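Here the chain labels run A, B, C and D in written order, and each chain numbers its own residues starting at 1.
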Amino acid sequence: MTRSIGRFVWVIAEGYIPAESHGPPGPMTSHETACLLNTGEAPAHVRITIFYADREPTPPYEVVVPPRRTLHLRFNDLSDPAPIRRDTDYSSVIESDVPIVVQHTRLDTRQAAEALLSTVAYSQ
Amino acid sequence: MTRSIGRFVWVIAEGYIPAESHGPPGPMTSHETACLLNTGEAPAHVRITIFYADREPTPPYEVVVPPRRTLHLRFNDLSDPAPIRRDTDYSSVIESDVPIVVQHTRLDTRQAAEALLSTVAYSQ
Amino acid sequence: MTRSIGRFVWVIAEGYIPAESHGPPGPMTSHETACLLNTGEAPAHVRITIFYADREPTPPYEVVVPPRRTLHLRFNDLSDPAPIRRDTDYSSVIESDVPIVVQHTRLDTRQAAEALLSTVAYSQ
Amino acid sequence: MTRSIGRFVWVIAEGYIPAESHGPPGPMTSHETACLLNTGEAPAHVRITIFYADREPTPPYEVVVPPRRTLHLRFNDLSDPAPIRRDTDYSSVIESDVPIVVQHTRLDTRQAAEALLSTVAYSQ
């Protein structure tokens, strides 16, 4: 498995990190994740731009996915240039210099039992 | 990030707004949402047509997504020409004059703990 | 909106109708649904073939989606040639004589609070 | 229905098998599944490679989907060359020698009421 699989540009139009959680902090904290898979032989330099409803998009957050590795990136953990606001609608555009595959998930524990959603992101 | 990303025509075949909810009104009210992202430099003029099981489709609802903005549009909030009936099966066709990306979600709180679903809409 | 939108062949690889439910029968009965949208001017004659893990596929179930209508078809309700077995893995292939769009959902109430999943089906 | 439908290469970027569960073991054990449909007349020889965040991908797991059959394969059950680690981020690449369709699901019962997610996998 040394082939590159995927696309260079991905979009997750849904985005919302609930401020509230139930259950053990960490695994059961409400969060949104972009699961990034790099099947290739070169590192993937990934830039994530956040779009909001009421202000200009952020400068891109930058992460690296090493060759032949997955990175399940919690949007909760992005901090530079600034954390993503909680309880706020957003969207994300994810751009890579090598092909990757992106899948989106939310774990939501605002109420007493968890809820999950997931979809492969939109690519072009 | 000044490029236009996406498609002009999107379809969400699932549609159902539960009349019942548990939890704080507003965030935890059962709702369906179309998350619309406009990454481009021109406003997106969006027309949403609702299809039902037993009567003719509605005239289009119209919304605008400003340049470089996301709009998480609750179907619950559509009111002109008429609100979408609760507890009723529907589908939606979403057309834009510039490329956009559309993702569909439902938050369902009919029972004591929330449920979520999401998928990128169908595009062509 | 008189155009035909969609594809002729759709696949839902996941299929599983739980035998157990909690909550009011009907809306909260555990079920799987294929949401079928026909945006065109001609009726859609739809054939649904069910594939199992351990026996031959069924002869096709047949339904009609009228022009400009949606049909949220519960797999639970299919009866001719035979009901789909509960608590049993299956897949479905959905073929139409005019373009349609298909989205898959499950409402699962085996435990005390509901769970949901959804995805646009695979098309080709 | 003797045609082959689908693609040869599929990717599920999300992967996470919770170690914890509530409810009857078996059906309600937290699990992730790849639903594999082979509509064709020849058996599908399928190879599944698991990618991790912090070590090399596994050698491929091998399964066969008979002609005209579905296989809802629980990642929990993969054992050769080694079980997938619980509470651990992974991704999977699924390759077949004939066209198949792949849909991904998780049933998550870490909390008192189940959660579900599903999406058609990424194909190319």
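Quick note on the criterion: contacts are C-beta pairs under 8 Å (C-beta built on N, C-alpha and C of every residue); 3 or more make two chains touch, one makes a residue touch a chain.
Values in this document were obtained by computation on a predicted structure and should not be read as measured data.
Peer 1: Looking at subunit C with subunit D, do both copies bring the same residues to the contact (over half shared) or different ones?
Peer 2: Different: fewer than half of the residue numbers at the subunit C-subunit D interface appear in both copies.
Peer 1: Identify, among A-C, C-D or B-D, the interface equivalent of A-D, where equivalent means over half of the contact pairs coincide by residue number.
Peer 2: Matching more than half of the contact pairs of A-D: C-D.
Peer 1: Rounded to a whole Å, what is the gap between the Cα centroids of subunit B and subunit C?
Peer 2: 21
Peer 1: Enumerate the residues of subunit A that touch no fewer than two other chains.
Peer 2: Within subunit A, the residues that touch at least two other chains are 112-120.
Peer 1: Under the stated contact criterion, what part of subunit D meets subunit A in this complex?
Peer 2: For this pair, the touching residues of subunit D are 9, 11-16, 49, 51-54, 56-57, 60, 87, 89-91, 93, 104, 106, 108, 110-122, 124.
Peer 1: Per the contact definition, I'd like the list of subunit C residues that touch subunit B in the complex.
Peer 2: Touching subunit B: residues 1, 5-6, 22-23, 27-28, 33, 35-37, 39, 68-72, 101-103, 105, 107, 109, 112-120, 123 of subunit C.
Peer 1: What residues of subunit B sit close enough to touch subunit D in their complex?
Peer 2: Touching subunit D: residues 112-113, 115-116, 119 of subunit B.
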